[in-house]
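You will see subunit A twice below: alongside subunit B first, and alongside subunit C after that.
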Partner chain A sequence: MVQEIENMRVYKRPESMHEVFERKGGAAPTATHYCPGCGHGVLHKLIGEAVDELGIQDRCVLISPVGCAVFAYYYFDFGNVQVAHGRAPACATGISRARDDAIVISYQGDGDLASIGLNETLQAANRGEKIAVFFVNNTVYGMTGGQMAPTTLIGEKTITCINGRTAEQAGYPLHMCEIINTLKAPVFIERISLSDSRHIKQARKAVKKALEIQRDKKGYAFIEVLAACPNNLKQDAQGAADYINEKMAKEYPVKNFRDESENAISVTRPKSDMSVEKLNEIFNTSDGTSEAVIDKDYKELQIKIAGFGGQGVLSLGIMIAKSGSAAGRFTSWYPSYGPEQRGGTANCSVIVSGDKIGSPIAYNPDILVCLNKPSLEKFAKDVKEGGVILYDSTIGDVNLPKNVKAYSIPAVEIAIEGGTQKAANTAMLGVIMKLGITRLSEKDFEDGIESGFAGKQKLIDINKKILKMGADWAEKNLL
Partner chain B sequence: MSTNVKKKSPYPVIHEQECKGCSRCIIDCPRGVLVMGTALNDRGYTYVTYTGEGCTGCANCYYTCPEPSAIEVYIPRREKEEE
Partner chain C sequence: MSVQLIKGNTAVIVGALYAGCDCYFGYPITPASEILHEASKYFPMANRKFVQAESEEAAINMVYGAAAAGHRVLTASSGPGISLKQEGFSYMAGAQLPCVIANIQRAGPGLGNIGPEQADYNQVVKGGGHGNYKNIVLAPNSVQEMCDLTIKAFDLAFKYRNPAVLLSDGVLGQMMEPLKFPEKAIEHKVDTSWAVAGNAETKKNLVTSIFLNFEQQELFNVKLLEKYEKICENEVIYEEYLTEDADIILVSYGISSRISKSAVEAAREKGYKVGLFRLITLYPFPKKELLKLATEKNRVFVAVEMSAGQMRDDLALAIECKRPVELVARYGGNIIEMDAILKKIEEIYEKVDF
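And now, the complex of A and B:
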């Protein structure tokens, strides 16, 4: 970039690039890891220069890709996230939306962007994400040793098309600017070339423009960069320049495709409210719950509840989880069901704990509740030694593992007697309550029902009744 | 050309350890004043040198060079020249 030093105008390394690449280290910490003549370094300098000129260094976050530019974070003195192959647009989207003021630069190669990451590229462009994408088209997978890329020219030889790419075998070169130009949202689309200084000086303007659009939060900018990979294409400096000017630019015309930057207005997204209050409101968890407190004496309790969909398997889990949170425990509820809304098998895991929960899945339940036979056959073997199995009496005779306590409960019967067969799950809950195996109080269970049926007084009343009937049955028959 | 005038002319500064000898700057210098040396730097690359005369300060070499710190271009200000 141009700097004024004493009485001189000086072109030198941008201020936003490190003088010594500490993150790189090794024997050559002041030179890049790129091959001699590589286009990546030329583009890095243009990005650095534009960042300096716009005074936006503190707002910039570079997303470095998988590919030769995987180490781009060595060089730039601003934020960086290194992402999985092709995933830069997703990560860039997240950062751009989470930090409205961030200037997000998605830096990607042609394998990364146009092959494995093509879907995300188009989705992000179509959403008009507030990001600047620099797409380095060098017609080849550089880092992995020169395989054919989506951008490889017809006739171009690579190690995976040794006689040259043919359309019959591999289709045609992909024109990313042209494809993106079919979308409505992008603000700026341009293809630039880094073949020689004449083109580079042109390219400067587009690079700066893309970042200027980010500075003003105006939306999506896409810059395709025709660049050299002299290493894999086995070119000297002249050969690389000629190749880009004469062959690549013929297939990929160097030009501006769109510039809506004048008319574009700043992108604003609806605000996400992730406050505890809002989440409580959405999930209806504000009622009867209190903040969980750490209590090392209350060991984690894993509960699995399984049956047919429609038997109240998931809601029994919710009632237990709500009882747990009413008691100030850490609780989680994790459903698992088939594609059917009703009729298929369903199960859920509930964890109630005196400390933060790691996994929400009850792999080895302390308590297994089964409302049908297939579930019992499937999960009985997972129950912890000394654990408890409760299953509905309608299941009949079954082989159960030793070293667990198993009880056959007439839950459906109790529920019918109480007025609704649908509440067999609540009858089970009453038994669980009476057995004391959750170490939660009767009040916690009642609170659980109240918050589980939030506000529906009729349901609350009948379920409280059946809860008590279940408990009474347990007292008479099990204790 | 007097030494005086020469000092006030633009000139490139090549940092020999950072140069990788790719020759991009050589083919892009309109005055042909950059040449490849024969010696190797510590990192095993031959590096570019300035013939010492004829640079116009066009900055082609700076822009085409892929290495952030290999080559710089210094252009003395006109006003100073006139002083």
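And now, the complex of A and C:
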């Protein structure tokens, strides 16, 4: 087979392949490590020639798989990355996304591509990554010692199916071109064969086309290569060629499945913006508050807010935290993942302090706000002596600890009156503000709402209104 | 200077962007998912690259690819996802590729639950994948540090060409605190001496972790070990709080260290001489400093962690078992309560005559 190729056309090594394989070394540094009759050497040469013809050598990055071609980097004189078994398309995705000008070649065998890496293969194809995938299908695991591959033919003998593959035991051969052809994104799909000079001539065109698509940034190209593994399949050169032509090609028809290269649009990804100005703009850093300052006189305040999910429990906590932060206090907010969440209830802890905060969890809150009964029953006993409990009046009568101040607040009612039941939490916030129990100013609370509903003026307005209604109610009824 | 109240998970993305990270590849998992959400939102706004990967394995191998190309790249996950990524950790350490992985720990083993835990210590600090390798491991304990140590992690990863892990937990990821934004943004440049970037300058480079020759593979291991030695010499970070006269030293990291600090203050108020040694780098582990504390005075050490003593074992090794090492631990998604630490302190004072 090697003789045939030489007679055909190529008398020298392509420029994009090393003249002497120094990375390989050993006694014969100009010979490949591949077995006689193996398809890898031929395919390497076809890739090298195409790279030369397209003038893309500097831009190429070849990903060497796990398998016999793990040492493909011995031979190719361009960037090389060796990667874990089956992960080449993911690695290729990473390189291609990071380096838009790189021409990324994912070179894989049948175990690598169609078995352990099938997910990576399909997903990269489906995303239409700008990569050229060369899939060497020789129906057997070569490097690991001749085990059955997903592409092993029915009846074919391997070391793990010594009497021949049966469908009952191992299912049927996987047809990768056909599977990938069900996806929308790929630009080019072709199955080629390296059995003889006629097929190799045809293969050369497909290899070049796949790389041309990469040069033009047009998208995903998939080439399945029917090749021989004479050692593992115990064939001589002629036997291998016959095997490909007569057996493999029957199961895996050699043909083009898709060529959208004319219609495909070239995609160029913009360069990353690494400037500090851009990031400051994205995060609107001119809008923040100032850093908290230590104030030993402001003793740590623990607040716990609990209720059903959807009652605005978490956002009430955030509004208080934002108010604290706006006031230059150390603040933290933490949503709880206790078992109570499973029943559809939620709670959060807010700590406001004049000094650095230790635990962000309010085990013994100074203030407990409850919007539903189960939460009140659960947390009331934890409230500090002299602490405050605020609960929505819809909860009704409950037994509460004696040593705390408890207030029933018509928060839902106030919110409905203010225009939206959703803002019961804000009504509660108004009460908290007026009671002065957080030692934060009214302005801090308004700032908290402004920053909580960043930019949404309508929401800011209605919530400020309900905040005031809550405060007014507290003034009239509690003070 | 801007301060904003944000979630720990968001702070990781802020840190990464200001650190010059321009690629994010990840897969969703609670309680780390906000990192993915924020990456999907903010990376494209600066034309940086984001892909929601098909799996944890794919995500870490996309990281491998972009890192091989010399870029600063981030991924994040939680316990079960980190387990899946271990193949990638090993390959990246073997290929000497820098990257940052944020691990927002949840409770295990198996599917466990989405509550916080610190029981990924062994799989992250000890290696987790196959072979003789180490990750650089940083343990933040505030939203500010979720950002700042992400930046630090990138610097260390590139300084040593090694994966660096931000080992955090569900509390730190989910909680909000004020974040002071970084003032500078790093404009990262590809190092053409080793990266494979698809251009003429890097054409000669090769990224690989295979050495068929046993001697070569052994020599490579030796080279890695020398690198880790250097990391241990130069990169240890820790904080001491009231340790000087302490009879009892709490040793802790991450969210546990904050509860420990509160416990130290409460214990001091009761007249107990208790200090805190807070680990910030878990690898390198501050062995010398802890050994010194163990040698200079009769003391008892207490490991405070949300795992069944995974860090305690390293502590005992570090102090060469010269002093007793006690453990205060919760797991399963539960957070250590300060009272449990105080109870342990009182127990020790009853038993030991300092």
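In this section, the second predicted complex is superposed on the first by the 257 of 479 C-alpha atoms of A that agree within 3 Å, B and C clash if a C-alpha of one lies under 4 Å from a C-alpha of the other, contacts with A are read in each partner's own complex, and residues count from 1 in each chain.
Just so we're on the same page, a residue touches a chain if its C-beta (ideal position, glycine included) is under 8 Å from a C-beta of that chain, and two chains touch if they have at least 3 such contacts.
Just so we're clear, the structure is a prediction, and the values are computed from it rather than from any experiment.
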For A:Asp273, is the partner it touches subunit B (first), subunit C (second), both, or none of the two (neither)? second
Classify the contacts of A:Thr32 with the two partner chains as first (subunit B alone), second (subunit C alone), both, or neither. first
Identify which of subunit B and subunit C touches the larger number of residues of subunit A. C
According to the stated criteria, A:Tyr172 is in contact with first (subunit B), second (subunit C), both, or neither; which is it? neither
Where does A:Met17 make contact in the superposed view: on subunit B (first), on subunit C (second), on both, or on neither? first
Dual-contact residues of subunit A, meaning touching subunit B and subunit C, are none
Which part of subunit A faces subunit B closely enough to touch in the complex? 7-14, 17, 19, 27-28, 30-32, 34-42, 44-46, 48, 75, 196-197, 200-201, 204, 230, 236-238, 241
Residue positions on subunit B within touch of subunit A in the complex are 15, 17-18, 20-24, 26-28, 43, 45, 57-70, 72-77, 79-80
Which residues of subunit C touch subunit A in their complex? 1-5, 14, 17-18, 20, 22-23, 25, 31, 42, 45-49, 51, 53-55, 57-59, 61-71, 73, 87-88, 91, 95, 113-116, 170-171, 174-178, 180-181, 183-188, 196-200, 202-203, 205-210, 255, 258-259, 261-262, 265, 333, 335, 337-338
Please give the residue numbers of subunit A that touch subunit C in the complex, ascending. 23, 57-61, 63-64, 70, 73, 77-84, 87, 90-99, 101-104, 119-120, 123, 127, 269-276, 278-280, 282-283, 285-292, 318, 321-322, 325, 330-335, 337, 357-361, 363, 451
